Amino acid sequence: MMKKYATYGMVGAGLNSFIGNVHRVAAGFDGLASLASGCFSRNEERNRACGEFYKLDPERVYGDFQEMAKKEGAREDGIDFVVISAPNNVHYETAKVFLENGIHVLCEKPLCFEVEEAEELKKIAAEKGLLFCVNYSYSGNNMVKEARELIQSGQIGEVIDVNAEYLQEYLVDDIGKGDQTMNRLSSWRKDPEIAGISNCVGDIGTHIENTVAYMTGLRVKRVAAKLDYFGQPLDLNANMLVEFDNGAHGVFCSSQVCVGHMNGLVTRIFGTEGSIEWHEEEPNVLYVTKKGQPMQIYHRGMAYVSGRSAEMNRLPAGHPEGLYEAFANIYKVWIGAVLKKQNGETLSETDLDFPDLDDGIEGVRFIHAAVKSSQEDSAWTEL
Amino acid sequence: MMKKYATYGMVGAGLNSFIGNVHRVAAGFDGLASLASGCFSRNEERNRACGEFYKLDPERVYGDFQEMAKKEGAREDGIDFVVISAPNNVHYETAKVFLENGIHVLCEKPLCFEVEEAEELKKIAAEKGLLFCVNYSYSGNNMVKEARELIQSGQIGEVIDVNAEYLQEYLVDDIGKGDQTMNRLSSWRKDPEIAGISNCVGDIGTHIENTVAYMTGLRVKRVAAKLDYFGQPLDLNANMLVEFDNGAHGVFCSSQVCVGHMNGLVTRIFGTEGSIEWHEEEPNVLYVTKKGQPMQIYHRGMAYVSGRSAEMNRLPAGHPEGLYEAFANIYKVWIGAVLKKQNGETLSETDLDFPDLDDGIEGVRFIHAAVKSSQEDSAWTEL
Amino acid sequence: MMKKYATYGMVGAGLNSFIGNVHRVAAGFDGLASLASGCFSRNEERNRACGEFYKLDPERVYGDFQEMAKKEGAREDGIDFVVISAPNNVHYETAKVFLENGIHVLCEKPLCFEVEEAEELKKIAAEKGLLFCVNYSYSGNNMVKEARELIQSGQIGEVIDVNAEYLQEYLVDDIGKGDQTMNRLSSWRKDPEIAGISNCVGDIGTHIENTVAYMTGLRVKRVAAKLDYFGQPLDLNANMLVEFDNGAHGVFCSSQVCVGHMNGLVTRIFGTEGSIEWHEEEPNVLYVTKKGQPMQIYHRGMAYVSGRSAEMNRLPAGHPEGLYEAFANIYKVWIGAVLKKQNGETLSETDLDFPDLDDGIEGVRFIHAAVKSSQEDSAWTEL
Amino acid sequence: MMKKYATYGMVGAGLNSFIGNVHRVAAGFDGLASLASGCFSRNEERNRACGEFYKLDPERVYGDFQEMAKKEGAREDGIDFVVISAPNNVHYETAKVFLENGIHVLCEKPLCFEVEEAEELKKIAAEKGLLFCVNYSYSGNNMVKEARELIQSGQIGEVIDVNAEYLQEYLVDDIGKGDQTMNRLSSWRKDPEIAGISNCVGDIGTHIENTVAYMTGLRVKRVAAKLDYFGQPLDLNANMLVEFDNGAHGVFCSSQVCVGHMNGLVTRIFGTEGSIEWHEEEPNVLYVTKKGQPMQIYHRGMAYVSGRSAEMNRLPAGHPEGLYEAFANIYKVWIGAVLKKQNGETLSETDLDFPDLDDGIEGVRFIHAAVKSSQEDSAWTEL
C-alpha cells in the first residue's frame, strides 16, 4: 500500500529552540508528516518533557541519537526521515549514522565542518539510495522560486553582476569584548569547537551563497574576502568580492554588527537584459526591471507569476507569507520526495527542488575559501 | 484533572477552502489544540474526504451541523470549541445551536446579518457561560497589539483623526458586468441571500472598523457613507466619513476595485502627541512618530517593544511573520481562554484578548449604518 | 522686434519670504525673465533693502502697489507681468489693478475670497486680452504632467475612485490653544480677515482639488465635508467625500495636525483599467499599475515617458528635481506664453499649460462648498 | 569698498551642456554671483550664441581659455572665479593658467589625470593664496551635511563598516559592443584620451569615495578592486573592498550597467553605536539608527536637525530640494569664501566647507589605485 503520510524524528530542537519549533510547525503545515520520535536534548528531563508535549510514545524518545538511528531504522513503523537541528559540530556524525541506518536526512546548515566529511555523506547517501536535504531555507520562499524561474528562463539575459548581503545588528555589543559574551545567542556561535571555523560567514554568509546559486544557477568560483573579528575568536563581519563560473563578478557582505538591520538578506542580480531584487524581510514581493523600463513590483499570488510560483502558493496575493511558510515549502517538496521514494516512484527534477548535498558541499567549500582568503590578505581563493 | 490540550470541530472549511486551511494550521500552531470533528461540506463525498485527510473518527464527521452540535455536546470527549467558517448566511443559526449545546464558538466575521440576532447570541452565551470569538483576525497581528499598547498608554496623546483603508483590486472586472460574474471569488459574495446587505463593507470595511477599534479603544459613533455598486447588486467600493465616540473624525475607504492594491489594509491613527501607522502587507513593522520628531520604524521582536508584543512574539526580529501567525495568535489566546474556562479557572482581561461578541455586534451595526447612510445620500447615520 | 526675454515685478515676496524667494529663483531658472520692479513690503526700509539686493532701479521700487501698476503700465519698458505673492486678502484688488493697467498677472492661490471677485477678474482679463496664472504649483511637477498624459490618453480607463490627501503636522501644537498662537507660520493663516473663511482647506485642501483636476480633467461636482477647528477660529483638519462630474466618488483629506507628515500631498487615481499614484515628497517617480499587472515605478527622465514629460525635463533620470523645478516649470510655460502674447503670436493649448482663472475660480468655489457643507453637518454641497 | 557680489566666468558649459546649466542656475541661486565671461565652446558660433543668451559683453566671450585667463586676470573688473566644466583631459591645464593669472578656480571632478598634476595645482594655489573647489557636488546635499554632523559628533560611535554604491544602468547596451557606441553619453567617457584611465570609477566611483570621506572624515587607505570592461576600452562596472585609515573595512560598488538604477548613490555608514544611510535619489531624508533602537527617518528642515543642516536649509520640511539645490549649496559656501577672500577677511573652517584640492588629489589617487589593483588581480593597493 502506498504511503500517504510520512513520520519523522528530530535530533536537537528542544522546546526552547526557536528554530526547532519552526521545523515542527513547517513539517506539519500541510498535514503530510507527523512527529513520531526524537532525541531532543542531552538533558534527560528536557528530553522527556519535549516528548510529552508532542504526545510521543515514550519508547521513541531517545537519550542518544545513535540508539535512535539504530532502533528507528530497525522498526517496521520507523521514521521516514530525521531532522537534524543540533549544533554544527554534531551534524556530520548524526547525519552519517542515520544514513547508515537507512533513514532519509534533513539537516540544518552548514552541513558539516570539512569538505571531506561532506563528500563522505554524499557517497553514503548515494550508495544507500537515500535523500538528503540541507536546510538552506530561503530557497523555500515563493518569490525566490519566482526569481529563479525568471532568471533561468532568460528574462534578465546573462548575469553580469551580483550584489548580495545579509546584515544583522545583534552582535554589535560583542565588539572588543573578547570572551565576555554579552549576548545570549552568540555563546555557542563563537566557540570554534561548536560553530566551526567561522561564525558570520558560516551562519549567514553561506545563506547568501546558496540563495544566489539557487536563483541564478551560477556557482561561486573564487572569493577575495576580508573578515573582521573585532577581538573575538570568530568573525563578526565579512566583505568579499566574488567571481562566478560564468565570469561575472559581484560582492557578498555579511555582518552581525550592522546597526539598523535585523535579518537583512538582500539579493540583487543584474543581467544584460534586466535585474531582479529580493529582500527576505519583505519576502512576498520581487523587484523586476527590464532594461530601459520601469521597475515592476511582482506580488506573490498574482496571475502573472510563473507556474512554479503559483504551484507553491498558499495565500491570496497581499496576505503575507513569512518564514514559517518558506520552511513549509521546503518541507512540502521534501516530504513529497520522501513519500515517492518510500513508495518506489521515480522522482522528477521538480520533485527534487530542495537544497541537497551538492548545496551543502558548496557551502562548506565557500566557508573555507572565505576564511583562507582573509588569512591571505584577501587573495582570490578558489572554492 | 486539568486539561492541557483542547479539541475542536469545524463547520465549513473543506479542503479547498483557503481560509479553512488557515484556520487549521493556526489552531494547531502551538500544539495546544487538535481537530476532532467536522461538518465540512454539504457534499457528502467532499465531507468524508476532508475527514479522512485529517484522520478523524468517521463517526465524528457529520453531514449536518445541528446533529454535530447535539452529538458533540453530548459526548464526554466532545469538542471544546467549534470553528464556524461557512458562508455569512448560516453563521447565526450555526453559532446558536452550538451555544445551546454548551460548546464555545469561534465564528468568522461578519457575525450575522441582523443586530437582533447578534444580541440574541450574546444573551445565550452569557446565560450558558460560554466564550465566543468573532474572528477579526487582524487584531492578532503582533504589531497591531503593539499599536494598541502604545496608543492606550498615551504615547500619541488623544486621538484626533483616523485615516484607514482596505483596498483590493480583484473585482475590478465586475464593473458594469451586472450578473455576468467574471471572478470566481465574487460569486457568493455578491449574492445578498448569502452575503447579506453588503459585499465590500461587509467583507473588508468591517475589518477597518474592528482594527481601528482594537488599536484605539474608540468606537465609531456615526458614519456618512457613499457606496458604489457599478451595476452590481452589492457594493464594490465605499468611502465614508466617520465620527468616533471621543468626537474625532476621519475617513474609512474600502474597495475591491482599486487597481494596484492586493490586500491593502492600512490604519493611520493621529493623536495630539504623535501618530501610528500600520500596513497589513508589511505586518512586522509599525511607523511611530512623536510630535516634532523623526518617524521611527518599530520592528517586531526587538527589545524596545512592549511586554504584550514580546509575549506574543514567535520569531526573532527580521524573520517575517505573516497571516498564519496572526491567526495563530488569535488561536493562542482563544485556546488558552477555552482551557482555563474548561478547567474552571478565572480569566483575566489579558486572557480575553480576542475579538468577542461586542466586536461582532459593532461590526453588524457598522455595516447597517454604512448601507443606510449611503441610501440617504450620505446623511450621518448613528451605529 | 520680437521680445526674447521678459521682465517682471513682484507684489509682496520680501527678502524673508520663503515663497517669494522660490518665485524669484523659478522665474529666472531658464534665463528668460528678469526682475525689474517691486512693491515688496509695506515697511519702507525692508522694501528698499529688497530692491537693493536685487539691484533694481530705485525708481521702480514702489511703496504702493496701485502706484506700481499705474507707473509700470505707463512705461515703455514696463514689466511684462506681475507676480502677486502677498496675503490672500489683497489678491483680488492687486490683481485687478494690474489687469486694468494692461499687465499680465501671475497670482498665488487662493485667487481671492469670493466667487464674484474671481469672475470679475476673469471678465477684465478677457476684455483686456491678458493672461492670468493662478499658481497651483504642483501642476508644474514633471510627473504630475506625466500622470495627466497617461490618464487623459486612456491608460487607466475611466476614473472610478480618487483618494487624495495633503497632510502636515506643523500646527498640531495649536490644538486647543485658542488665540495663543504658538507657531510663527500660523499667525496670519488663522486670521479670517487675512486668510479668508478657511485655513486648512484654503491653504492646502485646494491644492488637492487642483492637482486632481489637472491630472484627471475631472471637476468636483459636490462635497460632503467635515472640518475640525479644535478651538481655533479657522479649520486645522478637513475630511471630505467628493463627487466628480463623471459620477466617480472619492475622499480628500487635508490636515495641518497629522503628526508624521511634513508636506504629504498624495494623489491616487483609480480607473477601470489601472491606477496612478503620485507623492509630492518623492516627485520624480510615479506609481503606475495596469489591471492585473505588477505596479511599475516610472522615473522622470527615462525614455519611456510621454513627449510632454520629456519636453519639461531638466535633469537626467535619477538626479532629483524638487519644488524649485516645479515652480520653474510653471514659469517656463507662463513666460513662454507671455512672450508669445507680447509678440502678437497665437497661443496653442500647450502654450497655455498653466493653471488659469478657471482653476482659480474652481478653487474659490471648492473652499466655499467645503466650509458650507461642514456647517450643515456634512450635507452634500454643490460647487 | 567691500564686495557683496561676485562675478565669474566659465570654461566649457555651452548651452547644450546639462551640467553647465546646472552650474549657472546654482551659481545664481542666491543672487550673489553673476556670469560675466566665458569660453563656452571651441565652435565659434556656439560660443557666441551662448554669450548672447546670457547677455555677456562680447569682448568677454573668448575663443581660447588661455586668452580668457590672461585678459580676465588683467582687468580691474575681471572675474572673481572661473568654473571649469570641460572634458577631463583639459582640467589640469585650464586650472593651472587661471591660478597663474590670480583667479580662484571651481573645477569639475575628477580634478586631473595624474597625482603629480594635482599636487602641482595645490602648490600653485598655495603660493598665490587662491581658493580651489573640486566639485564633488553630493557633499552639498543638506542631509549629507547632517550625516557628517551626526557622525563627527560621535552619534554612531566609531565607524566599523562602510557599504556604499553608485549604480546606473545607462550603458548596459554597450556590453560586448566594442567601439560601436550606442549611447550618446558614453562617447567621450570611454575614450581614454579624454576621460583618463577609467570611465566608471572615474566618473561615479570617485563620488562614492568623496561622499563617504566627507560624511565620515575617514580616508581610504587601500583598495582591492575588480573592474569589468565587457569588451570596452574603459571600465563599466567596478566592485572593490576598501580599507579606511581607522582600520574599518567595507565595499564600494559602482556601475553603469546595473538595470533598475538611474543615479543610485547610496552610502551606508555603520558604527559601534549606530548607523546612517543616505540615498541620493531621496536626498531630503536620512535613515539614522541607534543600536537596539528603531530606525529613524530624519527630514531636512525639521527642528531636530543640526545647526549646520538648519543653516543650509532652503525650503520647509517636506518640500523637496534636489540636485540644483545641492549644487547651489556648494556655490553658496564657495561664493561666500571667495568674497571673504577678495575682501581680505579671514576664513573659518565652516567658510571652507566645500570640497577642495585635497579632495581632488584623493580622488585621483583613488582612481589610480582601483585601476592598478584590478590589473594585479585585485591585490590590495595603497592610495
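Should a chain be cited, it is by its letter among A, B, C and D, assigned in written order, with residues numbered from 1 in that chain.
Convention: a contact is a pair of C-beta atoms (placed from the backbone, for glycine too) under 8 Å apart; a residue touches a chain by one contact, two chains touch by 3 or more.
These numbers come from a predicted model, not from an experiment.
The angle of the rotation carrying chain B onto chain D, fitted on C-alpha atoms and rounded to the nearest 5, is 180°.
Mean C-alpha position of chain B lies 56 Å from that of chain D. Measuring from the averaged C-alpha position of chain A to that of chain B gives a distance of 35 Å. A straight line joining the Cα centres of chain B and chain C is 44 Å long. Listed for chain B are residues 292, 295, 299, 302, each touching two or more other chains. Under the stated contact rule, the graph of chain-to-chain touches is complete, every pair of chains being in contact. The residues of chain A lying in touch with chain C in their complex are 288, 292-299, 302-304. Contacts from chain B toward chain C in the complex involve residues 156, 160-161, 163, 165, 169, 172-173, 175, 224, 226, 228, 230, 237, 239-241, 243, 249-251, 253, 255, 257-260, 268, 270-275, 277, 287, 289-292, 295, 377-380. Put simply, chain C touches chain D in their complex at residues 18, 21-22, 24-25, 28-29, 31, 53-54, 168, 170, 261-264, 280-284, 299, 301-302, 314-325.
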